[in-house]
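See below for the structure under consideration.
Lettered A, B and C in written order, each chain numbered from 1.
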Amino acid sequence: MKETKSKKLDPEKVMERIAEASRPTVAGVEEKDVRHWVTIYVMGRGYSVPADLTILTAMEYAGYKFIRGCGCRQGFCGACSTVYRRHGEYKLQTGMACQTRVEDGMYLVQIPFSPAEKASYDISKEAYKVNTLLKHYPELARCVACNTCTKACTQDLQVMDYIQAAIRGDFETCVNESFDCIQCGMCALRCPAEIVQYNMAQLARRLYGRNDRPEPKHLTDRLKEIEQGKFVKPLDEITKKSKEELEKLYYSREKESD
Amino acid sequence: MSQTKIAYYPGCTLKTTAKNFEDSALAVARALDIELVELPKWNCCGTVYSLTDDNLMYHIAPVRNLLRVKQMVRDELVTDDHRMVVLCSMCYNALKRTNLRVKENPEDLQKINDFMYLEDDDYELNVDVIHFLDLLKEIGVEKIREKVVKPLNGLKVLPYYGCMLLRPKEVGIDDPEEPNLQENILAALGAEPIDSPYRKVCCGSYLTVDNKYVVVELAYKILSHAQKAGAQALTTSCPLCAFNLDNRQKEIKEKYPGFKNIPVFYFTQLMALAFGLSNECYGFDLHHTKPEPLLKEKQLC
Amino acid sequence: MAEVKYIEGYPEEIFQLIPKVHETRSWRAENIPAAMTKEERQEVLKIHPDWAPGGKRKIVVGPNQGDIAPREVVDLLEAYPLIEKQEVDLSIPDYQVDIMVLGGGLAGTAACIWAHEMGIDKDKILLVNKLRHGDANSIMAEGGTQAADRKVDSLERHYLDTIGGGHFTNKPDVLRALVEDGPFIMHWLHELGVIFDKEENGDFVEKWGGGTSIKRMHSCRDYTGLEEFRVIRDEFISRKIGCIEHFPAVELLTDGDKVTGAVLYNLETGEYKVVAAKATILATGGFGRLHIRGFPTTNHYGATGDGVVLAYRAGAKLRDTDTVQYHPTGAAYPVQIIGYLLTEKLRTSGAQPVNIDGEAFVFAMEPRDVEAAAIIRECYVRNKGITTPSGLRGVWLDTPMIELKNGKGYIEKAFPGMDRMFRRYDIDMAKNPVLIFPTLHYQNGGVETDPVGRTTLEGLWVAGEVSGGVHGKNRLMGNSTLDCMVFGRRTGISAAEYIKKGKKQGKLTLEHVSNYVKMLKEAKIKPKRRSPILLPEYRGKKSLARALHVEV
């Protein structure tokens, strides 16, 4: 939609217009803004909510104030795992409440906590071997490749594949396939072999990060330079410079070529 | 002659503690104009075939692997359209028996296929599981003999089979009482196969994890009897048997101080040796009892 | 009402505008707009929310009396406390610890680990979380972490880039600490097992950041904060350090001249707990959820500026309270993700902001405030924005340019998080551009700190976003995660050293709160607000209007 008015606004008015346009996101949705409605069932109770909300914002619209089950609100923290079924379907679905659109007839419950063991270790003393994974998470060997974890993953990761890769010591695959994990815990809650996939993968990734490739030489060299005091004088000088001197330096600094 | 490409299921040990077995097997296959193409995606074989009839969960893992062969055929990764080669006897046994089971119980297969709904395809019973020894039998000892550049003359070897390749009968690859697949290969390589009734006796298998002393006793019997029969080394067709017979020599020695260590090979290691293939595929650093002294003595390395 | 027709995730009317972006792409790739001069920057900043009149007022009480801050922040500072001193029994503390850390993001968690590393017993450290351990902005940091560790780079160059971006207002000694520790932090993270993007030869892949003069950004795909944080949290849990969750601090405690603990509140049961601590590290993060000037935010649910309120009441001085960072590229469409962060790395990897006519109207890598102001100007002054169905205006971020520059499949590999988010709404960002508008991102200022994180109050340290000084009046990309870890570490070490001196502490009191209330009354501020607010209010107007408060 092209904006046709071209009247110049003063900055304060612009801010007011931005605030008005952002109001539903910032201050909660008002009934008068809503064009389409759906009905969702929160733990069995039906609520009519605006159709273009996520499970999270729809529950808020309905009057829930979250204490648990809500963290970053943007799909990174894994706090708002939700289990739901669509009316008339046998499949149990999972999703992050903040990332899943409401659908008519969806009935749902949030799982804001997953009881799971996490091993304790000093990563610097652990061998970069499959045995380390099995030592801390022996239940790993119980995987029957049923793939239920993959079905439960809210990030659509190939969970079973990374578990199987871990079992055969293929760290590279385990790391790559598990990298986007937000540790919401749904895999572990659904696993019939009672494996804690996401904690095991965390250990695998730390072992890989430390050991797969040595620390970059340029970093080791830089640490040595710092230890030898190479930057003391330049930093002494620059921290003493006046605003004017700094401005001059800053606006004339050379950019690295791309 | 165009190379045969055939699906290959490794299993977990061949990627870790038995990496050298895999390396030598792939090298030997290449020498015989066969490319073993690893399944692009695979999972645990299930390890032990489950006898719990009504719990299909334990049969999903093997079926999922079988299903991958169909995808490989479709993606033209293989030229052999129905077979999958296995190097480990445990894997062989679990995969083959499950395959048989779902063939005999189509309703169970249907349930498993339904459960695996995230897969693009159903498993349609169109895969045969074979051990690498099966494939070598088909190729024939003549062709193997042709490839030998360094005959294993004077090397006395007991070919050990264990149980998983021979029993139960419906999955056995050879006569369970008088197997001779390995014997024929060893003879073709120039080695002298030694006989012992213990070559078909169980090594203790996965008890090595829970109760390694059961394995120590069994392995002691197998190994000492082999030595009595005149064997200087053993070959196995299974990485788990190899682990038990080789690595447990440490505990055997502790319990039976008079015991003398004896090298244990995977059969393709000796093939690679006789074929004159690159040293890298022997991977003797992974062995507990180092084979080098014996091979030096026989002027084989 | 007629159903809207959607094509590839966009309403038809908006989808029809996309070809313009496709048509101009190759030309734009060759004709990149020049960076702004100092004068041009000053001109465009007039329409930045920080500089547009009407958003701020004077603080009338406390150590920063007379300073300017956003109205929403001053509202909190002028609010009355949640608890009265007669309500709580301070005589028997529930926890007696050496170090209490408020806030379990990157900074707070790092502080605990380093205090433990310094020999403080694991049971004598307590990490206090308002929500879960890790419900923090840290985990959402997408783009990267700056550290001058390449041969061609230098610490003073990092210093200059940062202070220039901060309009030369950064506190020099604190900024020096930041750049000096950068390479060490990278080393520490590598030892802990953080998986950074690496070149074939094992070197770090380093990228541009807005406002940097050299490639210095270390990243972990577009999950940098998540990867760094989950490794550090794993280390924290492995050390079995004390931790409680869903238990925000509602007030600090003092013994008259030192900070000596806090009152915590169980969000679920309503019960309070008293903590006596020899040292307190405040790492409570920022204030995005105050929605300064009505902007949507990238911040997590609990980013309500609690720490600033608590510290201010206890008498700590604030600085640089007058500026707020707006991230230039928040999502403007679809409605479900308005305000969500679209990492700056998208621009540093080649994506350009583009207006409705397909013009690249700004250099893509200006410092954040300049870039944000340019986008607002394009939408509301030059009227070359695109209006979304929710009424918000935005401009295109031409994401397909990233693959033009880096090859096909790059987006899925380098930006799995972004890619996944848009795909949930049927938008393929490798194929079509996405709509963006600035979003409230970061609290530039905060509680004033020295190079080891000490505040003007004895017994109180600050680290991370709650602190003020290191970023001056505008923070650069990649300096926030670095800030958290540098000052998390420094405060942990400094607090541990302080404890070893064995300073005597007096009785726990809330006197400072009573005194503050007295000041509010003297300033004739009516008790209509209370703070800290702990959580923002998003309940629907209708249900809220009918809410009853009944004791059951």
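One rule holds in what follows: contacts are C-beta pairs under 8 Å (C-beta built on N, C-alpha and C of every residue); 3 or more make two chains touch, one makes a residue touch a chain.
Values in this document were obtained by computation on a predicted structure and should not be read as measured data.
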(request) Could you name the chain whose Cα mean is nearest to the mean of all protein Cα atoms here? (result) A
(request) Starting from the Cα centroid of subunit A, hunt down the chain whose centroid lies farthest away. (result) B
(request) Please work out the Cα centroid separation of subunit A and subunit C, and write it as a whole number of Å. (result) 16
(request) Would you kindly tell me how far, in whole Å, the mean C-alpha position of subunit C lies from that of subunit B? (result) 57
(request) Could you grab the centroid distance between subunit A and subunit B? Build each centroid from C-alpha atoms only and quote it in angstrom. (result) 43
(message) For a test of understanding, state which residues of subunit C touch subunit A in their complex under the given definition.
(response) 1, 13-14, 37-38, 46-47, 49, 51-55, 131-132, 134-137, 139-140, 148-152, 154-157, 159-161, 163-164, 168, 172-173, 175-176, 179-180, 183-184, 186-187, 190-196, 198, 202-204, 208, 213-215, 220-221, 223, 225-227, 230-231, 234-235, 237-240, 246, 267-268, 291, 293-296, 298, 300-302, 334-341, 356, 376, 379-381, 383-387, 390-393, 416-417, 420-421, 424, 535, 537-544, 547
(request) Mind listing the subunit B positions that touch subunit A in their complex? (result) 10-12, 15-16, 41-44, 46, 57-58, 60-61, 64, 115-116, 118
(message) Can you tell me which positions in subunit A touch subunit C when the two form their complex?
(response) 1-6, 8-9, 11-12, 14-31, 35, 52-54, 57, 60-68, 70-77, 79, 99-101, 118-124, 155-156, 175, 179-180, 182-183, 202-203, 205-210, 213-223, 226, 231, 234-235, 237-240, 243, 246-247, 249-251, 253-256, 258
(request) Can you check the complex and tell me which residues of subunit A touch subunit B? (result) 130, 143-147, 150-151, 160-161, 164, 167-170, 192
